[in-house]
Structure formats: C-alpha cells, structure tokens
Amino acid sequence: MKALLIRDLQLAMRAGGGFGLGLAFFLIVTALVPFGVGPQSALLSTIAPGILWLGALLACLLSLDRILALDWEDGTLDLLACAPLPMEATVSIKAFAHWLTTGLPLVIAAPLFGLLLNLPSAGYIPLVLSLLLGTPALSVIGTFGAALTVGIKRGGLLLSLLVLPLYVPTLIYGAEAARRGAEGLSSTTPLMMLAGITFGTIALLPFASAAVLRVNIR
Amino acid sequence: MKALLIRDLQLAMRAGGGFGLGLAFFLIVTALVPFGVGPQSALLSTIAPGILWLGALLACLLSLDRILALDWEDGTLDLLACAPLPMEATVSIKAFAHWLTTGLPLVIAAPLFGLLLNLPSAGYIPLVLSLLLGTPALSVIGTFGAALTVGIKRGGLLLSLLVLPLYVPTLIYGAEAARRGAEGLSSTTPLMMLAGITFGTIALLPFASAAVLRVNIR
Amino acid sequence: MQLGVHTLSVARGGIAVLEGLSFTIKAGGCLILRGPNGIGKTTLLRTISGLQPALDGTIEAVEDSIAYAAHSDGIKQVLTVRENLAFWAEVFGTRDIAPALNAFALEPLADRPAGALSAGQKRRLGLARLLVTGRPIWVLDEPTVSLDVDAVAMFAGAIHAHLASGGIALIATHIDLGLEAEILDVTPFKALAPLALDDAMEGFL
Amino acid sequence: MQLGVHTLSVARGGIAVLEGLSFTIKAGGCLILRGPNGIGKTTLLRTISGLQPALDGTIEAVEDSIAYAAHSDGIKQVLTVRENLAFWAEVFGTRDIAPALNAFALEPLADRPAGALSAGQKRRLGLARLLVTGRPIWVLDEPTVSLDVDAVAMFAGAIHAHLASGGIALIATHIDLGLEAEILDVTPFKALAPLALDDAMEGFL
Amino acid sequence: MMPDLGKYAGSVLSAYGASIVFLIAIVVLSVVQSRRAKAALKDVEDRRND
Amino acid sequence: MSLWEYANPVKFMALSGRVLPVVAVLSGLCLVVGLVWGFFFTPDDFRQGSTVKIIYLHVPAALMAINVWLMMLVTSLVWIIRRHHVSALAAKAAAPIGVVMTLIALITGAIWGQPMWGTWWAWDPRLTSFLILFLFYLGYIALWAAIEDNDSAADLTSILCLVGSVFALLSRYAVNFWNQGLHQGASLSLDKEKNVADVFYQPLLFCIAGFVLLFIALLLLRTRTEIRVRRTKSLLARERMA
C-alpha cells in the first residue's frame, strides 16, 4: 500500500506528471474571471468565494483522468487486480494521492488567490477551512468517476459530465460556508455538513469505486 | 482532406466520442455558478455574459486533448506524416472538426443558457455573435496547444496551462462584446477586434502548429 | 500446487468463444496453448487469471497464486527500470529485485527510464516483473513478442528455473519457444455457432 | 524506382546508434534487417521513412513513395474494419479496398469494430492498410508479431505480389518470415563507443 | 541610522524584505545547481579518464 | 571574429568563466550602493511618504521582467534560425530569473498598492498584463520540464516563446481596452522634463544597473550549469551504450 502511494507521488513529480499544474490551473481560472465579468472590485469581491470554490473544483476535475487512466492504459490495473491488495485499498490510496497532489496545494494557495479577487478579510479562514474539509470529498468522488470511465479512451469530458452533478452538494455547502464567512456570518452549519459529506464519501465510496473498477477490468 | 474531416466527425459521433459532451459540460458549469455565487438574480444577470463566455472557453479547453492525442497514441499521426497531405492542412482540418463538434453547438445553445442566468434581453444577439466570431479562434489556438503537448502522456493539465494565457485576448474582447451588448451599448469595436484575432490565428497559427507537430513526431 | 481447469467456457463481448475446455497442470509442469488468431487464447488466459468471469466450468487454483503477463505490462515510462521492478516487488511483498534484473540482463539498463528502451528491452522488463511477483503460476500471453534469439533463451532459462522450483507455466504463443512442454491446441474447443444455444439461454443469445 | 541509403547514421535520444550504413534495394527487391534488441532497427526504419532526421548520410527515394508500418498501426477502435481501411485509402488517393480485405481474409470481419478484434486480427488489419496506400516502398517493423501460421503465409503472399509488381520491401524482424530475401545484419554498424568522438564535438557531445 | 519610515514602515520593510528574500533565493538556487552540475560532470569525466 | 563563435559551448564556457566574477561583483556593488542610497539617504515624497522607497525595487524588477522575456525571444529566434545550442540553453536558463523578477514586481507593487490605492490588487491593465506575463513564464518553464528530448524541448519552447510573445502583445492591448487603470504612467523617459526628481532618480539608476548586471551574472551562471548538465547527460548516455 505504501509502495503504491509513493509511486503515485513519484509519478506526479516526474516530468509531465502534473504536480503543481493544478495550482497553475486554479490561478489561471481565477485570473480569467475578471476578464469575463469585468474588473469592478465590488462585484468581484461579492462573487469571490463562489468563484474560488468553482476554480478549485475545476482544477480537481481536470486532473481526475490521471488518477486511473494511465494505469489502465499500460496494464497496471490488470496487474494490480491480481496483486494481493484489495481493490478498495487501491482506489482509496489513489484518491489520497490525488488529494495530496491536487487538493492540498489548492487549500494552501487559496488565500493568495483570494487577494486577486478582493475577498473580504473575514472570508479567508472560512474559505481555507471549507476547502480543507471539502477537497478530500472531491478527490474521492472523482476517483469514483474515474473508475466508471476508465475503459473509455480520452473519456475526460464524459468523466466531467458524470462527476459534476456528484460534486453539487459539496460545492453548495463549501461555497456557502465561504460566502457566509466573507459576509461575517457564522459558517458552522455548512462546515458541519461538509465534514459529514467528506467522511461519508471517504467511508463508503471506495466500495463503489472498487466494484465499478472490477467490472471495467473484466 | 475531406476524408480526414469526415473521419474526425464520425469518431466524434461514435461511443465515447464526445460530440455533445462539450455542450453538457457548458450546461453544468452554467448550472453550478448559481450554487457557487448564490442565487440573487440581479447579481447573476450582471455576471451572465462573462460566465457564459468562461463556460464556453472551459468546455472548449476540456475537449482539446482529444484533438490530437488519440491519433498520436495509435500511430495515426506518424502515418499521416508520411501521407500526401501537408501537416498544415492536417492541423487546420483537425481544428475545424473540433470547432464543428464543440464550438458550433455552444454558439447555438448559448441563448438557452443565457435564460438560466437571466441574461438581459438585449444581450442575446451580441452574445451569439461574439461566440460565433470567437470560438473558431479558441479551436485554432487550442490545436496549437494540443500539438505542443501531444507527446506528453495525459498532458491535459499542462495543455490548459499553456493555452489559457493564449486565450486571454479572445476572452477579453468576446466577453466585453457580450457585456456591452447586455448593457445596451454598442459592441462593434470588440467584435471587430475579435474578428481580427480569429482571422489572424486561422491564417497564421496552423504553421506554428504544424512545425510543432513535426518536432513532436520525430 | 496445481492448476486445474474443468469444462471451462469463456466469453468475449458477451459471446462464447471457447467451450468445454479441461486440463490440469501439475507442479513443475508447463502447458503451451496454440490456436489460430481469434480463437480465444487471450480470453481464456484472462479468465483463468480471474480478470474476467467464466461463462461456465471451474478454475481450480490456490488463491493469489497466479501472475498474469500480457502485452501491456504495467510499465511506467517515466520511472527507471529499477524503480519499476522495485514497485512491483513491494506490491507483491518480495523485496529483492536483483535476481530478476539478472535473469534478463537488465543491470546495464537499470537506471534508464523505461520510456527510453527499445521494444525488446521493454519486453524483457515486462518478463522480469514475473520473477518479482513470487507467484507460483505464470499465465503468459505471447511473451516473446519482439525478443531476439538471446532474449528468447533468457526467457526459456527463466521458465526452466521456475518449473524446476515447482512452479507452473501456462503460455499462449504462435512461435516456437524452445521449451519442451505439453502443447494444447484449443481449436477443437471453439464454441459452437452460438445460435444453437439460443433456446437454452432464453431469449438473448 | 529504388531505395538507396548511403553512409547513413541514425540517432535516438540525441545519441548515434547506427553509423555508416549503406545499401540499395532495386525494384522487386526485399531486404530483411536483423540484429539484437536495442541495436537500432526501429530507429533506422523511422529515419528512412522520414519520421526523424538522419544524423548523417543520405536517403535516396522518390518523394512520397514510402509506406511505414509499425506496432501502432493507426487503427481506430470504434470504426469498423472497412471504415478504417476506407479512410486510409481515401487519404492516399486509392479508392478500392476490396483487394486489401481479400489479401488478409478480412471480409468476414469487415463490419466489426476494430476494437473487437483479437491481437492477430488487428495486426492483419494493420498490414492490409499497406495495400491501400498504393506506395511502392514498404518499410515494416516486426510485421508478423502475434500472427498465426496462416496469417504469416498471407503476409508472405502479399509481399510476393508486391515485389512481383515492382515494389520494394524493407523489413526488420526477429523471426523467420518464410520469404527468400537478402538479409542484412546491422550489428556491425553499431555506433562506435562514442567517447572517441568527444573532443571533436566540442562541449556537449 | 535607521530612517524614519513613518506610518508606512510595515509596507516598505516588507517590500524590501520580500524582494531581498527572492533575490537571495534565486542566487542561492543558481549557485547550488551550478555546484551540483559541476560535481556530476567531474564525476563522469573522472570515470572516463580512468 | 564573429559573435557566433560563442555559440560554441567550449568557447562560451571559457569566456563566461572569465566574465562571470567581474559581472557578479559589479552587480553586487551597484545593488548595494543603489539600495543603501535609496533606502537610507533619500527624502520621503510629499504625497507618497516613505513608500516611495519601494520604487528602487519595483521599477528595476518590472523592467527586468519584460526585458528577460525579450531576451528569451531573441535567443529562441537564434535557436530556430541558426540552431546554436547555447542560445537555446540561455533561454532556458533565463526563464526562472524572469519569474523571480516578475514576482518581485508583483509583490512590491501589491505592497505599494495597499497604502496608495487602498487595495492589494486591482485589475489595472499594467498589473494585469504582468500577471499574464507571469503565466507565460510558468507555461514556458513547465513545457521545458515536461519534455525529455533536449532538442525537441528547445524547438517546442522556442515556438511557444514566439507565439506567446505575439499573444502577450495582443493581451496588452486587449487589457488596455478592457479597463483604464490606476497605475503610474511611464516616468522614466529620455525626455528629462517629465522624470521624477533627481533625488529619487540617481539611486534608481544604480538599482537598475544592479538588476541588469545581476541578471547577466545569473544568466551566465545558469547557462553554464545547463551546458554542464547537457554534457553530463550525453556522457552518461554514451557510457551506457559503450
């Protein structure tokens, strides 16, 4: 199990591996929003928490197809299926590696991007907290989507399509927590809900992902 | 040349091909925005043109890695490089096929999505016009990015990083045209600029893409 | 330790391709499967390895005793030869990769990224992976593709050593491997024109 | 019509692998390249096909006369066998795919998606593609991988017909193809231990 | 010696601090990489000359 | 003797080895003089107070950020046209320096903006185009990192640099059209009348010289590193082949 995690992280660091690219994508989406909606800082600071959450979600989304597809293409998944490692463990580790390489950097960098969008100063802590609680769910759900579409060549778009609706509850509570925080209100309730979703998905979804993956392999 | 275009369209229609998926992604992004920024319709209608443009851009972006990567993996590009078809023509056709399967549906469907975000009624025609003029540039620029990263396994994230900054001028003029339109102002100037960018990229960028692709094949 | 297959039927894409196949390989035994293209050898091997369900019949093998190797051998282009092997060794709980490197003369290439290997060198790496699994039953699908004469000899040597230590090998191939082993032609087990089965399967097939 | 190669040097990953290679194949001639794994056969064939630049030397061939085929044969899994061939026929300006289907006994599979073929069937499709290119010079890298005996005979037949009509074939392989043809072992052309060249290359190489 | 920076002291000092940290970082990084490359090259060339 | 001779790695190594220490010392001197003079011995501005001292870092860094990219553009063109390896490696070596310069300009600007405009960041055209430039640098570096083969990487990044420059220029105009900003206009011009007062101007010149020299020193150092890395790689590969 440790071997798999280490290898996944190693692969992410190597050339073309994509560590840090998620961050860059997040930065770019954040930077593009003002080009789209205009530069007025009052408007930007109203939509900032939502946009930051959306950006994080999209950065996550774009890197999902790396979770399993590469291992599928070169036959690693077939071989892992024969290995003495339950499929549930495999998918959980892969989700965890994805979070470490994508979610965690986003959580750490989010305050900086908040500056770009004039996030009100009360909003920083709730934003970071909500991302910290919410991004693991994004990775776990995303792994499920990746397992569903793993057999399809360049199924990236289909993957997004399947995963986005599953992301809705996480996004709602996450963005709500960040928004309430930015407006100076208490964001305890949405944060609680978010934590619930995250722990629930971490506990249960790997079984679904493993089942789906087994079907796809055969 | 016609054969290549027809085959690309055929592939897009087949299972897992992605025709219409861009549209679905556009729909979902549009639908997620209210979850992110909150449901106030005044706010939504202010940001609607920008969000629609951003959504179109992201939908385009997500499908870019299909333009060349599949053909690279199964050796088609090697064989096309030997075929009696200049590489410039190949990349132009591929960009055109991408636009037909991704950009054009977005242009047609955009007014519908405008409804979802309360786009002011004056805004529809400029929105469609700006998308019609702008999306071809997105496809052509995207093909350049795809050619740059074609040798890199699952280089999707790197592709986005390279392409998004190149999209900035198109996005600015496009969203500006749509926004001015929605506010009832004249959007002739940005539309002119947009047309300029589109024709410029269509005329010149295929040479860069072809050069880059030749380097990657060797 | 033995690998037994009893009246096995296997299907690909929902259609039976081989039917009623039975054989047993004892410890130290090797069976070579032959048959024309498209007869169903790959399907059979994947079924035996547990990667897809059998249509009918039973496969008798100790759990977690099978190592499967096919064309796609789970090699990461950006990792070096050594890192690739070490990863699989760790997954299968065997730590020592030196014998595997040695058996396929991979030491000189050990620190090269797998992406910079030639076709035959990559194949050798794929075969070396079998040694680090520590599994007694090897199920191999066309293992010698793109190997030169020397490498085929290395492969034969590895198989001999494996069998001598009580291992089992089941190999599908079209070419001569230079192994003396039992040969099973699967052609006679080709599934009957599936229309004949129609009534039994009630409706669909 | 002939294919000439004069004191050709080819490189992979920036390093010379074969040096000073010369040969000429006349119309109707076939040359088989042999050599151990990793010697540089694939690199040589890709260079001759114009897919990568030569380090040194010249390649003499009429423009647009070479058809290259390797492991990845540009086959789309979701298109049928017929559609795949028809596409390449159109690209190369030859319309008729019937002879190609016929030569590799692909008619029964013609309407099957290429993704549902076995390894050998897929390979046959890849070889059939050569026939629809209408190109006189065939450059083939291990063409008979995963083919059964019948299919190898079909391949030999296709090569004979091609040579008889004045074509040229250059084939790299490790196994016997059942063709009588000149054989060139490229081993003697292995690039010298390049260290000797070092000072002349000033700086990097 | 220290000039009176008035109410903007924080800004000015942090600007100088951050910039100098960055400049030092790139210089140190370049020097370290240079050393490493030199050592690696020496290693290989020594081996070659043996 | 033609300038092109220095495109030969051996000649370049010999010359740069001699020039590097001189440039390094000079740049250190200029930077110390300029920054100490600027920080300790200039008066406060009547409007901006002591924040005016930030100019000694902000302006040179901003100038370098753009000029490093221009230099990369030139060396990329030289690689494309004449295929001199040192030229391609110089472009590769320059990019991280450019990133640092851009970051310094952005950060000092942001810190300056807080007291002056009351905000860390505004979507002013000048600031925005700097952010875009930053993105171009990131993409350029990421592409170099992602490609194994040296010559291909040089080819691809050169073309990216070329195309990117055109789009950076387009963005500059687009951004201007999109928003008229808060930022200072150009105050350093040859036309002396419009320049900032001499008290600020002279130390600024030292700082600019210091940044330019620092860039040259770093560029030489990093290019030497790249050449050594290349040579090491080739030798290792040859060793394996032998």
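For clarity, chains are labelled A, B, C, D, E and F in written order, and residue numbers in each chain start from 1.
To be clear about the criterion, contacts are C-beta pairs under 8 Å (C-beta built on N, C-alpha and C of every residue); 3 or more make two chains touch, one makes a residue touch a chain.
None of these values were measured; they are calculated from a predicted model.
Undergrad: Chains shared as neighbours by chain A and chain E?
TA: F
Undergrad: What are the mutual neighbours of chain E and chain F in this structure?
TA: Both-contact set = empty.
Undergrad: Comparing the two chain pairs, does A-F have more C-beta contacts than B-D, or is it the other way round?
TA: B-D
Undergrad: Would you kindly state whether over half or under half of the residue numbers at the chain A/chain B interface are used by both copies, giving same or different?
TA: same
Undergrad: From the mean C-alpha coordinate of chain C to that of chain D, what's the distance rounded to whole Å?
TA: So the centroids are 28 Å from each other.
Undergrad: Taking the mean of the C-alpha atoms as each chain's centre, how many Å separate chain A from chain B?
TA: That pair's centroid distance is 24 Å.
Undergrad: Would you mind pulling out the distance in Å between where the CA atoms of chain A average out and where those of chain D do?
TA: Using C-alpha averages as centres, the distance is 45 Å.
Undergrad: Mind pulling the chain B residues that touch 2 or more other chains?
TA: Residues 16, 152-153, 155, 158, 161, 164-165, 168, 172, 218 of chain B each touch two or more of the other chains.
Undergrad: If I count partner chains per residue in chain D, which residues reach a count of at least 2?
TA: 13, 71, 77, 195
Undergrad: Where in chain F do residues touch at least two different other chains?
TA: Correct list: 132, 135, 138-139, 142, 146-148, 178, 231, 235, 239.
Undergrad: Using the touch definition up top, name the residues of chain D that touch chain C in the complex.
TA: For this pair, the touching residues of chain D are 13, 35-40, 42, 71, 116-121, 123-124, 142, 145-151, 174-175.
Undergrad: For chain B, which residues are in contact with chain F within the complex?
TA: My answer: residues 144, 148-149, 151-152, 155, 158, 161-162, 164-166, 168-169, 172-173, 176, 189-190, 193, 197, 205, 208, 211-212, 215-216, 218.
Undergrad: Using the touch definition from the top, list the residues of chain B that touch chain D in their complex.
TA: Touch residues, chain B against chain D: 2-4, 7, 10-11, 14-17, 71, 73-76, 78-85, 217-218.
Undergrad: Within their complex, state which residues of chain A touch chain B.
TA: 16, 18, 21-22, 24-25, 28-29, 32-33, 35-38, 43, 46-47, 49-51, 53-54, 57-58, 62-63, 65-66, 69-70, 152-158, 160-161, 164-165, 167-168, 171-172, 175, 179
Undergrad: Would you tell me which residues of chain E are touching chain F in their complex?
TA: 1, 3-9, 11-12, 14-16, 18-19, 22-23, 25-27, 29-31, 33-34, 37-38, 40-41, 44-45, 47-48
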